[in-house]
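Paired with chain B in one complex and with chain C in the other, chain A is shared by the two complexes that follow.
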Partner chain A sequence: MNPSNPPQAAEYGGDEVSAIVLDPGYSTTRAGFAGEDAPKSLIPTYYGKYNADGQEKIVYGDDVFVTPRPGLSVYNPLNKDGIVEDWDMAEKVWEHSFMSRLTGTKAGNPFQNGLNDDGTQEPPEEMEVESDEKPLSDSPLLMTEPGWNPAKAREKTIEIAMEKWDTPAFYLARTGVLASFASGKASALVIDIGASNISVTPIHDGMILKRGVQHSPLGGDYISSQISALFKANSPQPITITPHYLISSKTAVEAGQAPQAKYKTFPADKAPDASYRALLEERTLAEFKECVVQVWPGPTRLSAPGPNGIPNEDMARTYPGRPFEFPDGYNQVFGVDRFRVVESLFDAKAAVPDPESSFPPPTPAQTIPELVKASLAGVDVDLRPHLLANVVVTGGSSLLYGFTERLNHELMQMFPGPRVRVTAAGNTSERRFGSWIGGSILASLGTFHQMWISKKEYEEHGPNIVEKRCK
Partner chain B sequence: MASAGDVRDMLDLPAEGQPRPHKKQKVVEKRPEGITRELYALLGERAPPIAINENKYKGRPKWMNKLRVRPWSMAPFTNSARSDGLVLNHWQRKHESARPPVAAAQDESRMDVDQPREEGKDETPKPTEHDYAFAKYNVKPRLPRRYTDEEYDGNLKNDGWSREETDYLVDLVSEYDIRWVIIADRYDYQPKIDTESEENALVPAKQHRTMEQMKARYYYVAATMLAIEHPPSEMSEAEFELHEKMLKFDANRERDRKDLAALQINRTADEVREEAMLLEELKRITSNEQNFITERRELYSRLEVPISVGNTTMYQSSAGLSQLLQTLLQADKSKKRRSILGDGAVPSPAGQTPNAAGSTGRAETPVTQAANNKKGSTASKETHQAVRTLTPAEEARYGVTHHERVSAGVQFRSDRAQRLTQAKSNVQTQKLANALAELEIPVRLFMPTERVCKDFEKLIQSVNMLLDARKVSEKVESEIRVLEAAKFERERKAREAAGLPALPRPEVKTEAEDGNTGISASHPSDPLAAAGGSAQSGQDQQNVAREASNGGDGNHKRSASVLSATSESNKRQRR
Partner chain C sequence: MGPKRNSRKSSERVRTPRKTAPQTPQLPSRGTTMPPFKDEHILLIAPGSQMTLAQLGLPETFTPAQFRFPTRMFPAEKKGEFEPYRVNEKRHEVKISSGPTAPKADVEMKDAEASATEAAVKPEGETETTESTEQTTKTVEEIVYEEDVASDEGAIYPIQNGRIVDWPCFFALLTHVYNTLSPPFHTPVMLIGQPVWSSRDRETIAQFVFEKFKAPAFSLMDSALAACYGYGTSTATVVDVGKGKVDVTAVTDFAVNEHGRGIALEGCGGDAMTDRLVELLGHKGFTREMCEQLKRSNIVEILPPGTPLPGAAATARQGANPAAAASTGGPDANDSAPRGPGDGTQTGTESNNDDEEEGVLDVAAIVSGNTTEYLANIEKEKTTNKKGAVDPKAARLPNSKKEKASFQYEGFVQLEDEKATASGPRQYVRHTRDIEVSVERFLLTSPRSNTGDRLTGGILEDIATQIHHTILAVPDATKRSELWDSLIIVGCGSKVKGFTQALLGVITQKFILSPSGTIFTSEIPSTFTTPLPTGGTNTPAPMGQPGPMYHPAAHGVNPLLVAATHNNPGMPGMPGAMPGTPGMDPNMASHYRSTGHSQTPTSTKTLKLPEYFPDFKDQGNSNAPGASAGNAGATPGASQSGHGSEEAVFLGAQMAAKVFFVVDQGLSKGYMSRVDYNESGPSAIHEYIL
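The block that comes next holds the complex of A and B.
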């Protein structure tokens, strides 16, 4: 076959080898079979730890949210940059993501599973060996990583996959590349708005351009902190969020009136940890983001004067407000404030000040337009117009109302010359799971199967092979 | 009752003149299923615009139900694009050896219907025997051979690039399949010189390589290797082209280009707006230009009509005239179509570029002047600017002329000159033509420039005058002759009466008081200047005149020649 001739379109095709795609994010971990259109297993990356009967127990998955166990504390194995810190727990959480829904627990020894409760016979010896089987021994595994993942973490990942899970073949792909694949592009500028990070990744021919990768911590969690800051400074009265598990009953109240609810109280020894409460407060904030928060659509910034002389803030004030009811029944209509909490993604000066927040005030370089600018400055000039014409927006937090519109305006103002085209999947799940879907596409392609790192190759070259193969 | 036949009989019509019109056939539409007869009758002829048919699942065609379900199985396969023999599993059609022959035949007939995907897999008893369908996509670009140590030392040494770094670059190029964007992105060469010194010392020593530097180096290496493999004289055309391209790579130029591209992409909104405006303007100008060119082409094709030379007898009858009209109409139509098409095939002098139209020679005709006005070129500006007055020399140079009265419309200067040769009577015209033929001046001027035309006009005028003079002189001479004959007769009679012998006839004398004085002097004929249009004609003219006057000295021979007539008249005048 001549390399200059493109293959005919009809020749492209998938070839599914029942590979598993694992897309570990900071907030959620997605796993599913390649070739499907959404991950079958979606669990929070947070895990809970508590003591029961003097033993340390660990809760994974959605179970974390359900029961406020005494002393339950919540952790995340990833650090704020989205890089794994606690490898042991990360491995467990990831394992849970595919074991619980996809591969299932292996059939145990039939003599020990309680169904054959004969008790008279000794179990045969060879059965013991079988029960020792590892979770992924017959599924290739495709994992994702952020573009700034250090080499050490990559090697550790393949080590876990090969040695602990015994996968026959493994590949490590960048989230940005996969997100661009999910929107059908081999070259794109991927803007990923995640929970802990926003990142801008230039992709050329299915490979990331490392010098153009930019990321900053102004992700969904930062927006939550901005909302909290807003609640603290709320005008009729500061709002405190009481999570659902602390409410036993509530009655409807007028907007702006003090809540009338009966609260549950936990004695000090039975109460869960503060981190648990923070996690559940975060859920309420997520709901608030989905229902109320809105990005000022532009074309100019919220603080700037509008096109007809009226300041944009005044224009925003004329928009009808949006009501929101908190778990304790307190409800309020949010007006211009709902624009303010996300304005700092585009305009660092517009951040809601909060000295107690764990996030330092954002610098101008951390805003999305600046990230895009820095990212484009890191790639070749000839590529920039093409990248700007293929901007792909992905990540759950990009679902903020009016986000893509504003992004489009910002980019067009910054680069008035070249054509700017922002692509964002309209479907919610396609936006949230963009990189997983790209992985699903990639791992089910017949042409991809030559790229897997096989177990044999791993044994031959060691974990360092991931640097050579997953470029 | 009268039938149609009776009526026909009465009216003397043929028995069956025309077939009777058929009765409109009533179209009976089939009643769709799922609707009662009564309801369908109520609907009338026009079906309602909504679909009455119920949606239902189409299902498989019936013949398919008879077929057996073909089993699939999870089968292992290897990929020949891999070197490690990794075995993966995928679903594929199960091969059945013990298949009933009928079912097998049916199976095969169906297979070619729905088999885009697993060609080659179906018939395989063992998956390993057939190549993996996707292995053929594992392609690599063709790169020149790697250099050996001697080749490097002989041809490829470079001060800027160490051997190690060149190796690194060539490795990267083959690893990333010459995708320079990625190569430049991943390029991270660590010189290995001072491994014992600490990390910090290494950092400043490292130099940043731009993509252009890498390209220049690699292309040089690759071109050299290509030339070593095959000397340029033995290369195939494609190879030679590649070799040339790589050798001619200019890093500086490429860098400049990229600088410009960066400027282009970092334009401000104002600059972009201005550019858009200018582009719009440019578009307007080019479209105007286009219009102008097509208009001018049309004009030229109109001017190009050849002058007919054939005789006109065939058009003198009315049939001939109508035929002429037809052909003219035809020609007109085809011309119109051609001008609409605007193809360049129109045989016209408009093949010249619009720039050539601005030259000075063009500006002479009023048509192009008008066109130039539209275009706003410099030539027309000069002719029309009242502010700038031209010296006579400049006027002559640019061909500027001033007319007292300009007749409307377009005309050829040569036409005007030719009109002069047409006298009132045919005899006179013939005489004029004879005179011109004797002077070897064509009736239709070769080069009807301004000056030539003017001189031609003068020539014709003087020829006319000479002809007139000759006519008068002939008349006078004949009168004299008659009178002299009469006188002679009278004298003879007188002598006879006196008895004297007869005298010989006296010589004929011309008279100075003919009324033709000053003709030649006031209108010096200038035949040579008119014919040649040369600058030295003045002197020639004098010579000719002198010669003519000398030649005619004392010679009384009459001839039809104008020149001799001139000399005679001169002589006469002198006397």
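The block that comes next holds the complex of A and C.
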């Protein structure tokens, strides 16, 4: 090619549009383009609200973690079950999740002037869009929902997608089904350890077996409450978490010594409220879970005696502890306690008691082994061995150190006959975003195109179509 | 930098579900139909909120950008079109001028003009300035358009806080940049993208570049990644301090971590520092423009947290200085700014003009012979001058110990002579004078008293909090420690002296873990077993044996040991597999490594810019206009904290362009070719976004 010859005009004719996959969870909302291997946008489902200059302002996204604001309080549009409660705000939060990083915040036609200002070329037809463009006018949308989402909520979801966002095509898929797709299985028993819930979902040939869906509230937030209970009962003194935003500087202290930090004070009318502090404390607790907390590996429970007669607790005591430093500089080594805080996921009696906790003490039926048992009891006997051979573990809280190993032991003890095989993605992001990734795969399949509910179909049949089409 | 990229890309693509099949056969054909790109035919554009850097061709050794365009355009007469300079419409029925109002000192333009090359390229018509209007005054009833290069009145800034707010204007700017550099056809384009740009924005830009510039290849590179290329590192935390915002990005193995990324954090950029100065000095009559120049001068410094401000002792010494006495202001009719000695007053301290003269050696004298003698003479004169003028003790005092110092303010002053009013256009003269500032100059990052709706502890604390959040959000926990230890601080906002040190100080105060807790007191050495290389994978861990969950790295015993064991390929840990099942997924190992980590940060430091590109070092000193002028009371030449350059992004862009366009010719999918574009459309740009 001669650099002095002008190239021919562009001949791009296709209109390949990637679908957007939106996976709204209780603690985070994930959004990204189908076909990519991780959601591009990850925002907290929590949003902040405060008043400034006499106006109510709302903060979305990570900013809530970084910038304290006067009188800031934090809310979650979902209830503890992972079902939407505040539809207006859920819509806003979800909208933010794809507008901030994917579709852009400003609707409108950017092509009107810049591209065509040489006057020789007519604007391409397909770029002509009306100016009151809604956020998703040109992207199909695949959304996820928990297996126990009520019909009302499903209809409301498609209503928002079609009417508020104007998406040309929509589909609603269950998180469990998608997580099994993400691990390459059409049939699986999906154990999802989320923030607000743990759930067990049996999937057969890509279809959810509704009667087998089980969930309980012993998720990441419950583990946090257990850790808080542990801190309260800590000796020699109870530990209080002071989040970073309240500390201006800290000084190194010896382990177990009282913290020496300079604290920040906000005037009473400006201080962020307790819900904000709780959210920020949760950040520290999440770090604690990553660095310290460990699941007793089994094969027997922490409270039981081990194979050689020594109680497991005594065994655990001999393991070196793990240090953790709190934002105010207080640091301590955590020994056997770091096993205790998660033991109640498997053994309800082992829960750390805390009468002030917002979580009632767990019942045996809420533990993971019992959920699996109940779930399998709800499905056909012939399917059970196949499901047990395809146990898929997903969800952020399943990243607890040693979790899958313990789960494996528990399942093998409970079901000695059939072959139990637990699969868990090794990669942190694949584990956390299992259902999003499944959605990404599904929506980019060529064969999936016939599954979409088109705008026309929606207009013809109304929101109830979601019940018929997304089973 | 090159080979590593390759491996990452290929491994990443394997997992991408998107069908990549159609692209593969093109690779060879691209090589055959398209001649390789040449160094001199590569167009680099790095748009910023304030300044857009551009360059055509890669020089032998990489230099700072050849062209600097202010990121702004002016609305043209026809709606929707834009001009690069302000156009004044003049009607000449009356002879009264409707000339420009007071032009603000336009630092951007000065920069642009200072660039020797640009002057040559500038279209002839555009050099016409206000002075030339005198001929046109004779014609009556005629509308005359003239371009006013000095004015920024009515300018539209298409990028605000990194975000493109006015697309037509942004595209007009790109076109202006493109036309100014006028590359030959078949010039590949590399654009440095702001982190805040959404996927849709990027598609739009790709479409524009391919359809308007007809580029044969286009690469859209993230600015944070470009900074990593500039520093020659694959993993770093990039802090980009811009005009109105700060971006904090964790890059691991040449991949940008989108989750938890601090994007366009507002109220933390250079403007926030100026705002603080205005707040501190406003009541003393300082205008915003003065504060802006003060910020750019080198008497301004951010002291590390806990450093006492220079106090009474320094004042006493300073008091003996004639400059301090003189600095209460000479008669100055046009400006009521305080503390400034009048025009032409010599202000003493080291703001002596011989600092400037030092730089201007008489080259002729050197060339004509006796170089050493000449230089020695100059040196001698200098020292004698200094001795004569200033108390040597005070002179040697570093800036941070002085209570007061002055800087040279450059402003435009309107000439109100009779002859000026007669001729029509008003005339301005550049007017410099020295202004003395007290300790306020150390306080520009202190929290503002009116924080608006942010409860901020000062911009450094906000940035530190964002860094903490960003690094904590990196999923691969083993990388976090490295990320804390490889901070890259770029962007013009970071040019303020002491910025980096102060930021590191704040991080240390707030986040660094005490060694006592994590290393020395916590562990009993006897329980600390040797790491098992592959232990526990194939057998169920029996009681008491340090099994899978027992990796020493988890205890934060000793960072070195942690680092060593983390590189151990055969980590224990076997989620899910039946005991006895051989063959462990390496991913699983990596997962187990990542949970069994210890808390971070135990230390933090910045990376050093590689020294192969001396030009990028210099840039740091010469770019601040205030710094090159009267450097009162500062250690000479130390306007930069000495750790590299705020424009490493552009250096990285050049390196990346060299690698992608020239060295590997598209093998690493560093750019999108025209063929790809024609086949898959703009949305395919995401496959190539770096």
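Assume the second predicted complex is superposed on the first by the 429 of 471 C-alpha atoms of A that agree within 3 Å, B and C clash if a C-alpha of one lies under 4 Å from a C-alpha of the other, contacts with A are read in each partner's own complex, and residues count from 1 in each chain.
Here, contacts are C-beta pairs under 8 Å (C-beta built on N, C-alpha and C of every residue); 3 or more make two chains touch, one makes a residue touch a chain.
It should be emphasised that the depicted structure is a prediction, and the values quoted were computed from it without experimental measurement.
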item	value
Which of chain B and chain C A:L42 touches, first, second, both or neither	second
Chain B versus chain C as contact partner of A:M143, first or second or both or neither	neither
Which of chain B and chain C A:R431 touches, first, second, both or neither	second
Touching partner for A:P385 - first (chain B), second (chain C), both, neither	first
Partner chain(s) touched by A:S18 [first = chain B, second = chain C, both, neither]	both
Chain B versus chain C as contact partner of A:W452, first or second or both or neither	first
Touched partner set for A:T404, first chain B, second chain C, both or neither	second
Partner chain in contact with A:M162 - chain B first, chain C second, else both or neither	neither
Which of chain B and chain C A:A229 touches, first, second, both or neither	neither
Touched chain A residues, chain B compared with chain C	C
Shared contact residues on chain A - chain B and chain C	1, 3, 7, 10, 13, 15-18
Residues on chain C engaged by chain A in the complex (per definition of touch)	12, 15-19, 34-35, 41, 80-81, 165, 167-168, 170-172, 174-175, 184-187, 198-201, 204, 207-208, 210-212, 214, 216, 258-262, 265, 305, 452-457, 461-462, 465-466, 468-469, 472-473, 475-477, 509-511, 513-518, 521-524, 527-528, 540-544, 547-550, 554-556, 573-578, 585-592, 594-599, 674, 677-684, 686
List of chain A residues in touch with chain B within their complex	1-3, 7, 10, 13, 15-18, 138, 140, 168-169, 204-205, 207, 209-212, 379-385, 413, 415-418, 445-447, 449-450, 452, 454-457, 471
Interface residues, chain A side, partner chain C - complex	1, 3-7, 9-18, 33, 35-38, 40-42, 50, 52-53, 57, 62-63, 65-70, 99-106, 108, 110-115, 117-118, 244-245, 247-255, 264, 266, 270, 272, 283, 287, 290-291, 294-295, 297, 299, 306-308, 310, 312, 315, 318-325, 329, 331-333, 391, 393, 399-405, 408, 419-429, 431-432, 440-441, 444
Contact set on chain B toward chain A in their complex	79, 81-82, 84-91, 116-117, 132-142, 175-176, 179-182, 184-186, 211, 258, 261-262, 264-269, 271-272
